[in-house]
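So, here come the structures, one by one.
The same chain A turns up in both complexes below, where it pairs with chain B and then with chain C.
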Partner chain A sequence: MTAPRVGSVLSVRDLEVRYRGPDGDVCAVDGVSFDVRPGEVLGLAGESGSGKSTLAHAALRLLRPPAVITRGEVWIDGEDVLALGPGGLARLRWRTASIVLQNALDALNPVLTVHEQLADTLRAHAPFPNARAARLRAEELLALVGLGEDTLDRWPHQLSGGQRQRVNIALALALRPKLVVMDEPTTALDVVVQRELLQRVLQLRDALGFAVLFITHDLPLLFDLADRVGVLYAGRLAELGPAAAMRENPAHPYTRGLLRAMPPLTGPRRPLAGIPGAPPDPAHPLPGCRFAPRCAVAAARCRTEVPFAHAVGPGWRAACHAAPGLPATRSP
Partner chain B sequence: MSALAWLARRLGLYAVAAWAALTLGFALPRMVPGDPAAALLARLQGKAGPEAIAALRAALGVSDAPLVEQYGAYLLALTRGDLGVSVSRFPTPVAELIGGALGWTLLLAGVSVAISFVLGSALGLAAAWRGGVLDTVVGPALTLLGAFPYFWLAMGALHVFGFGLGWFPLRHAWDTSVAPAPTLEFGWGVVRHAALPALTLVGASVGGWMLGMRTSARSILATDQVLLARARGLPTARVVSAYVLRNAVLPHLTGFGMALGFVVSGALLTEVVFSYPGEGWLLVQAVRAQDYPLLQGLVLAITLAVLAANALVDVLTLLVDPRTRAA
Partner chain C sequence: MTPLLEARALSRTFPLGFGAGRSFRALHDVSFTVARGESVALVGESGCGKSTLARLLVRLDAPSAGTLLLDGRDVRAGDGGFFAPGPSKAFRRRVQMVFQDPFGSLNPAHTIGHHLERPLRLHHPGVDTEARVRDLLDAVGLPGHLAGTRAANLSGGQRQRVAIARALAVEPDLLVADEPTSMLDVSLRAGVLELLARERAERGLALLFITHDLGAARAAADRLIVLYAGTVVESGPTEDVLARPLHPYTRLLVAAARPGDLRAPLPARSGTTSPVDAGCPFAPRCPLADDRCRASLPLLHAASGARAARCHLVEPM
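Entry: the complex of A and B
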């Protein structure tokens, strides 16, 4: 395991998260390491149960029992997140890092207006001289996400799905954080609203300079949106690399399978192919590579020996024995 | 639709329900065989002559006029607050009897229900938020207390704390040796007399409120909005009051309204056990004496109280839950 990268806004090292249960633990995130650099969009893709949401919550220490972090490190802006006390955590959360969750309606308090929720967040971190100042600041935040001041005095149930998620993004940006974790923020929205919202996020990233850890099951979306893309499979990081290069020439068989299962929006038509089989049961982990039972190129070694990350190219690694590139090293 | 229009429509509905209750109150006694005068006469065992019978029927408002006419007269009398005359306590007007008992019932049962709801909700919220002994011992203990048959609990309390230890008076609502006047001494007597029945009422119901509140607070605590409110660093007091409590209390407002509405039917068993002169006690007296006019008046008063309590809850819900304002 290597030290956190200097200058990263988020460093996750060898992170393991388990769900405690009466019949033993279930390991949801298993030895994941990655960095998010200032101002970049790092996308993490994975199917249901791959541990992506658990990872998002773990990064800000928002896991609820029975989930516990059992190994590894999380560093945000130079601070050891797992070692922080309540005071340190309160400083870190929302001023340095914030989060947007998938269900926009669940994330808002149904009995408070948008303004009350924004003002609560602002006041929790900085005193406002008067109500007028807080209201002006809330207005500015809504303007950032493209909502008018008439939204201020509305309740969540009066807003559309897209507007609600805009409010959540405004809440996440309220204290100008360096990192915003977005856990499937657009999954519940239709494609048109999704695109508008993501364009807005990218514009804001350019203007305000925050970094985004973007989590989704939608790999093609990530290739359009993210600077770098990671692919999670059964709690492990299968591949992580620059978006453009990875899209052209994915190194991990799982990434290749995912891309082959999606119709290309441009270029010639080609037959679609699914990935046979289903993800493994996390309660009964397999020895060796977890993708091996579904992998077209699996060899005998894949079923016994856990593949460690290979450097495939500059800033690009894949956890696969069959991946091309440099000889096997245990570098993240 | 605006909140005001919504409220107006609701109140209109209550007006219709109240009218239906009034009409039922008119129709029911006329559907049963006999009339108040017959009941009273039965007690005289035929010793009254025809003139006496006619005079009694007139005094009790029994007439052979067409129903529509009677109905009109009934409604007219109601607008004057005239509910007829009690048979068992002839010739005291029913309205006077009900009015006299109402204050005691509101004092005892009303205050008890309010205390029980507030205390139970606070305990449930604390149990859901903090857990610990409150959740593992106090909650189940209060639920157990509420599971006892109420009359048994009340009589047990009266026996131990009233009769045995002599801490509380045994019966009635005020100190009969003190002149009923707005004095400190009289007031203290009233409090002393209400204390034990109120304690049994609160003890029997607080566990239910606590359990309900604990469950809904638990489910609210598990929502993303509470997780995020805490992640945003909001002060604990703000998270508990505005993000947890306000959402968790919503499903219980209706139950509270129902409980409040049934206050006027009196905490029947309480008032009987403690001989407390409220509506419940009056109701039992009326049934025993077959005092139809009084029963009719009481049923009407109870119905109107339930309706009024529901209207109150509607307004309360409107204030607490903005989602109800849009529908």
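Entry: the complex of A and C
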């Protein structure tokens, strides 16, 4: 295991998260390591059960029992997140790192107006001389996400899905954090609304310089959105690398399969190819590579020996015995 | 040749509250055809009336106005009257549906065999149900031993395959599939689309595929129908419509879904898809709208190459 990278806004090292159950533990995140650099968009793609949401929650220590972090380290802006007490966590959350969840209604209090939600967050972390100043700041924040001041006095149920998600992004940016974790923020939205929201996120990132950890099941979208992309499968990181290089030439068979499984809107019409089989049952983990039963190029070794991540290019690694690149070196 | 299914000016209005006289127009003047063995995709955003239309087509709901024809005959002609309300057994054998949510469409307490045997016994009495159930499971790529398993023990992808097998059990002529892949994981979606394509090729099944995913529509359908605020705004061969959309709304939809530079501006903004009192429902958001668009709803008129658009600004043939 290597030390947290100096200058990273988020460092995750060899993280393991388990769900405790009466029939034993289920391992949801198994030895994942990655860094988010200041100002970059790092995308994590994965299917349901891949551990992507668990990982997002673990990074901000938002997990609740039965989920527990059983191994590894999380560093945010130089702070050891797993060692923080309640006071330290309260200072960290929203101020240094914030989160936008998939279901906007989960994050908004239904009996508070938009203004009350924003003012509440602002006042909890920074003293405002008077209500007027807090309201002005709330107005500014809404303007950032493209909402007018008439939105301030509305209740969440009066807003459309896209507007709610904009309010959530305004909340997440309220205290100018260095990192915003976004867990499927646009999955429930229509395609036009999704495109507008992502456009706004990129513009704000350019202007304000925060880093984004963006989690989704939509790998082709990540290639358009993110600077670097990671692909999770069954709780492990299958591949992580620069978006442009990975899109051209994905190294891991699962990444290739995911890309082929998405019907394209442009280019030649090609026969669709699903990935045969189904994701493994996390309660009964297999030895070796977890993708092996569904993999077209799996060899005997893949079924017995866990592939460790090795470099396939600059800043690019894949956990696959068959992936091209430098000889296997154990690196995070 | 008479189309397999024809929708003629279907409308569906839902009353809002009691006696206030207010109502919501979920569908307005929807007309299209599906030929034997053809695959048609119906696309649009949430709230545009896609699922309401699906329910009308399988007769889970009745239109407020308009006619539905199967083989050129009004589908109501074969109904049983007062003592046997609802669609006739013959209609139900010919038109089947697959729902979006595979967790809601199968009874978790019943076995897969039970789900598949019931339509067989009703529509094909005397058939060897055990052998047929095995064939059906095989056709949708599931192992035969699943027949004894309860639906609760199946994954989403397996359940959706069972739902398709159940719809195919009665050997329908038309399958209405309402977002059959949207609740499935990416790696499993292609498998379901492949399965539907194979059934079409082998059995001449016609498919009406409802989706919000233009990529899936392109993979599954010969023809595309675009729905906006309860009306058909454009239709035509899938590749043509996606490559050169005519209606400003279709242009927006295609631009938003196309991969590429996320910072590139879109031709219009998002907004409500509610019907308007007068004029084109897209006019409030349309960058090209003029006074005529705000005053009168254009008709769906033919454009070049088997295409049609409901827009004042698209040149009619």
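Here is the rule we use: the second predicted complex is superposed on the first by the 331 of 332 C-alpha atoms of A that agree within 3 Å, B and C clash if a C-alpha of one lies under 4 Å from a C-alpha of the other, contacts with A are read in each partner's own complex, and residues count from 1 in each chain.
FYI, a residue touches a chain if its C-beta (ideal position, glycine included) is under 8 Å from a C-beta of that chain, and two chains touch if they have at least 3 such contacts.
Predicted, not measured: the structure shown is a model, and the values here were computed from it.
Partners chain B and chain C, once the complexes are superposed on chain A, both fit on it without clashing.
The superposition of the two structures on chain A yields an angle of 70 degrees at the Cα centre of chain A, opening toward chain B and chain C, reported in steps of 10. Once the two structures are overlaid, the count of chain A residues touched is higher for C than for its counterpart among chain B and chain C.
Touch criterion met: A:Val192 reaches chain C, while chain B stays clear of it. Legend: residue contacts after superposition of the two complexes on their common chain; A:Arg301 is shown touching neither chain B nor chain C. Contacts of A:Leu108 after superposition on the shared chain: chain B is touched, whereas chain C is not. In the superposition on chain A, A:Arg20 makes contact with neither chain B nor chain C. Of the two partner chains, chain C is the only one that A:Leu225 touches; chain B does not reach it. Of the two partner chains placed by the overlay, only chain C lies in contact with A:Leu258; chain B stays clear of it. Once chain A of one complex is fitted onto chain A of the other, the partner contacts of A:Arg176 are absent, as it touches neither chain B nor chain C. After the two structures are overlaid on chain A, the closest C-alpha atoms of chain B and chain C sit 10 Å apart.
Against chain B, in their complex, chain A makes its touches with residues 60, 62, 64, 90, 93-94, 98-99, 101, 103, 106-113, 116, 120-121, 124-125, 155, 157-158, 171, 174.
Put simply, chain C touches chain A in their complex at residues 45-46, 155, 157-158, 185-194, 212-216, 218-219, 239, 242, 252-254, 256-263, 266, 269-270, 272. Across the complex, chain A meets chain C through its residues 47-48, 160, 162, 190-196, 198-199, 202-203, 217-221, 223-225, 257-258, 260-266, 269, 272-276, 278-279, 294. Taken in their complex, chain B has these residues touching chain A: 222-225, 227-229, 231-235, 238, 242-243, 246-247, 320-323, 326.
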